[in-house]
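Read from first to last, the chains carry the letters A, B, C and D; within each, the first residue is number 1.
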Amino acid sequence: MDDEAPTPRGRGLRHRGRVDGGADASASREPSGPIVAPPPPEPGPVNARWRALLAEGGPILADGAMGTMLFSAGLQFGDPPEAWNVSNPEVVRRIHRGYLNAGSRIVMTNTFGGNRLRLRLHGLDTRVSELNRTAAVMLRAEVDSAGGDALVAGDIGPTGEIMAPLGTLAEDEAVDVFAEQAAALIAGGVDLVWIETMSHLSEITAAIRGARRASAGIPIIATMTFDTRGYTMMGVSPEQAARCLIEAGADAIGGNCGNGPDELLPVIAQMHAVAPDAILVAKSNAGMPELVDMRAVYRADPPTMAEAGLAFRAAGARIIGACCGSSPTHLAAMGEALGVAR
Amino acid sequence: MDDEAPTPRGRGLRHRGRVDGGADASASREPSGPIVAPPPPEPGPVNARWRALLAEGGPILADGAMGTMLFSAGLQFGDPPEAWNVSNPEVVRRIHRGYLNAGSRIVMTNTFGGNRLRLRLHGLDTRVSELNRTAAVMLRAEVDSAGGDALVAGDIGPTGEIMAPLGTLAEDEAVDVFAEQAAALIAGGVDLVWIETMSHLSEITAAIRGARRASAGIPIIATMTFDTRGYTMMGVSPEQAARCLIEAGADAIGGNCGNGPDELLPVIAQMHAVAPDAILVAKSNAGMPELVDMRAVYRADPPTMAEAGLAFRAAGARIIGACCGSSPTHLAAMGEALGVAR
Amino acid sequence: MDDEAPTPRGRGLRHRGRVDGGADASASREPSGPIVAPPPPEPGPVNARWRALLAEGGPILADGAMGTMLFSAGLQFGDPPEAWNVSNPEVVRRIHRGYLNAGSRIVMTNTFGGNRLRLRLHGLDTRVSELNRTAAVMLRAEVDSAGGDALVAGDIGPTGEIMAPLGTLAEDEAVDVFAEQAAALIAGGVDLVWIETMSHLSEITAAIRGARRASAGIPIIATMTFDTRGYTMMGVSPEQAARCLIEAGADAIGGNCGNGPDELLPVIAQMHAVAPDAILVAKSNAGMPELVDMRAVYRADPPTMAEAGLAFRAAGARIIGACCGSSPTHLAAMGEALGVAR
Amino acid sequence: MDDEAPTPRGRGLRHRGRVDGGADASASREPSGPIVAPPPPEPGPVNARWRALLAEGGPILADGAMGTMLFSAGLQFGDPPEAWNVSNPEVVRRIHRGYLNAGSRIVMTNTFGGNRLRLRLHGLDTRVSELNRTAAVMLRAEVDSAGGDALVAGDIGPTGEIMAPLGTLAEDEAVDVFAEQAAALIAGGVDLVWIETMSHLSEITAAIRGARRASAGIPIIATMTFDTRGYTMMGVSPEQAARCLIEAGADAIGGNCGNGPDELLPVIAQMHAVAPDAILVAKSNAGMPELVDMRAVYRADPPTMAEAGLAFRAAGARIIGACCGSSPTHLAAMGEALGVAR
């Protein structure tokens, strides 16, 4: 089945397989000065849905926390959430459904730690292909069942290792690791790749290169975490991030996770100042994590996040969602405030 | 020891070993129109107990949740329940005993995730034979200790992977995987094989083929989960399921798990409409799972499930049990309502 | 260091290494009639402490639950308790200390599941030697620190698998498995081997043979679990157990775990009737496990267990302790009642 | 980047790589009599920061519990805390930040169980290098972000195994195991190595030899746990420990963990008596662990630990921190009392 020949109920599972070609995503290479965003890619098979979503105009609602929801559902800290795509698929599906019902137009697969270096912590490094592909197919089925107008984003998070020479992870190996995961996600039918929660410029650019190796034309969203007094843990500033990510070929850039909307807001503003044409993304945690018995508690309620959504929009963000501590209720409130409620 | 020569106390452990031959279970191959159920198999060593149970007439009480009970007993989400057959056998036995005391006539082994693909998530893929066989022997011992008139069903659940070409699991491999598990269950002495909670037609037919490879004559129950607006997650309708499962050689078919009796009832009715002679099975969750902190809570109490049991019976189901969220108390109430209380 | 040359503070760690020789433990082979217990072994290096303990006369207080205590201390169900000998030794030591302070004269190592078949569930099957030996050395250090008059018993539990031909475990392999564990315990300096919680005669005799292969003279206590209406799960009666275990060369026999003192009491009485000279062991759970949310709760309080201890003594038991659900407080009360309080 | 060329915000990540040479750390080899501490090492690249910290004079505040904090944050007992350096780095960073904010000048990496023998319990023995190096780089980033005046200590704990001939761990293997971990920590940029919670003299000296093999000049702190009536579990006295550790080349020695300040105080006093010139370290648990349901509870509140800090100082300790049961609040109170509050 494909998009042109849906089943009578329109619930056919779309599977595009690996894609090649598509638009040239190379970006301006100027090392400084206002950054010129890449020209919009030519319409093609890979990014048609992405382009159509952008063409709608207005803010785009992303989704919220997966990990927080999984822990609520019984996942133990330290266990691999990606294994639940196989062992507890009904739980993962229920979470996706929650965000789809809340109006999210970009929903992320449960594959944040699905690269082989993190899966190796659990002896699952030989299953990258299955776990990512299964996650993508499962989310696609939920999107189709919900009407089909949301995009499936293949989630790629950090390896957890430090890049050489400071750490032990060589750049070539990192690119391989990310390419493997991205290829599996793309084989499972994702509409785009979303690289997130990165602290190292060299790691996020390795991830972009890996995704590009898997598909020359797949849209890529790339977001870093600015949780250390306005910088990433490894000392990257919002300006540095914006320049570097656009240069590396990301289709949208921004910040996710971190210490709540108040800290992400200036990050977005700074990115907007140096890259006014870039598609900016804000996916903040539900408030500054407060420590209760050293356990992070996120106190921003849905109205607070709704207000934050408006502030992100005003600061220049186009794609707006939430991260740790959020739930479908938060996202629904944000969609309402942004005028994109379902 | 065998059935003909019980020990003085009648508690002998029956072990039939691997069985071959038996009745021909091939079914009508008509692709449409009212489905003709296969003729009853000839009496033989494999399915004598199954035939005797059917010959009693009236509804047959199956059992209820295993997973819900194990989580109550301390199993962590994400850990393999099958390992408890070896590491905490007294807990598994206690659960079986609860359902036997409640009057269940078909009780399922603790082997839902006992195929090598799911056990591989836990590094246990080399122990399929032992874990399944041990589970079967242990349940047989409990059945014998309880008087011996219940049947031991070898439980087979999905692999968690998606079938090719959409996913990564080739059909031949799937058949191998299920045949391995079925052979171990049969070697452990199960009376029948129960394949459940499936969403993909190609996966459940692979499971039926696997079970048939392990034993040409073993009775097979095959149930799917219709939890996506009346269809399975992969878009299979009750009618499609009924036709396909009967064609594939299942001895009884139906639905299990899902969103509670209210959603399973029309599934049974639709199956009954297209396959009026089929032995239908209804094993619903204890109500629609409600989300409390994203954790599923099942609120149907025993009287509600008892009423549901009567409705399933009226809709054409012959074998009636329960699934997630149920307990021996629910099953006892259902047996009472159905007039098959112990 | 050895017993004859203690350090000034008497806290030297005794390590005897592997022992051979010692008394002939072969027993009467009469298949029926009153069982004649084996003649007391000649005094020798292996069992001198065991013989000295028996020579004191009167009841001997064993210890109580290890697993219950570990779960209270944070062990997750399904995780291997034996790993805590390495990863959380202070917790294991604290539990041993609790029983030593309560007056236990025979304390068991934290190695119930320390055979390679159960450790294989956790990928630890290559560490049988280290985990068992470490457990034994650690308990010896605690016994020495507490004054040194208790015996260290190397705990051996079931493999969890079913013996062939019913199950998959061949007898020769079982003997190997138990011999490996027993050798490691003996290398770590245990005073005796305690095989417990067995349901199958063929498995417990394999364990006795394994222990004997590791040391011809080490004292062996062998206890089964009679939790299925007076029989073991596999249908073994107390009389059968008594005859078989004595024949197999056990130095003391009895029952452990199960459904509380009320069910273990007739077991001891029946063993006493057919083997009046045998050293009998009663190590009951702290009452019949009651189901609260399918989780076992043990309600017998210390006074109840103290009374039970007296009843076991009256029924013929010489070595008296407790099992699941008990704590040092229970054991202290039992010691008080039996007149062997510290 | 390096120390001489910080980034404008002074947040550059320092990475020194593997270091060789430096001062000769060999110590007096006199087997008895008052112990002469080694002469202060020559200033050099390896230990300049250590020497500078000592040169400040006055007490030095170390940090507090890592494990207690991780368990509060959701770590399960029995799971490897070191994996969180990769899978939950934000939690580990938050804990480090807590101690840095409390004024700790020596903060330890989350690598207590990061040797290959303990990581092997979790199938992670091939990742010693990455886990330790990542932990060191991550802590360095936090220290830099907090201003940079704290030292990063690479934490090394016991293997959990018993040294031969009593146990199974050969001395040469132990040295290899510790050298591997120390090399990874040093490659990650630690300022010193802190070996702690040891009970066996042969194991702690193997650890010192291993660290020395990785770097001839790195400062080494070595502390044992005196939790068995004033001795270590293996019967080592404070005097024996002091003599042996100084002889083995440790730069600072003392006690950590155990049964609270009241038991550690005489240990420090005894060490001070035999080694008056040694730099002594006191890192006590937050009180005697009390058993609540067999779970250790530490009841010493911050004022109590502050008072204990003063007592340790009076007894001769120079480096003062806390261990299990403590939190940043305890450390802040101790720093206040010692007059080293931030």
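Everything that follows uses one rule, which is that contacts are C-beta pairs under 8 Å (C-beta built on N, C-alpha and C of every residue); 3 or more make two chains touch, one makes a residue touch a chain.
These numbers were taken from a predicted model, which means no experiment stands behind them.
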Rotation in the CA alignment of chain B with chain C, degrees, nearest 5: 90
Rounded Å distance, chain A centre to chain B centre (Cα mean): 39
Inter-chain centre distance, chain B versus chain D - centres from mean C-alpha coordinates, in Å: 55
Residue numbers of chain C (touch at least two other chains): 76, 123
Topology of the chain contact graph, where touching chains are joined (line, ring, star, complete, other): ring
Chain A partner contacts - residues on chain B that touch it in the complex: 71, 76-78, 113, 117-118, 120-121, 123, 159-162, 165-169, 227-229, 231, 233-235, 257, 289, 291, 293-296
Of all residues in chain D, those that touch chain A in their complex: 7, 9, 11-13, 15, 17, 69, 72-76, 79-80, 83-91, 93-95, 98, 123-124, 127, 129-130, 133-134, 137-138, 141-142, 145, 188, 327
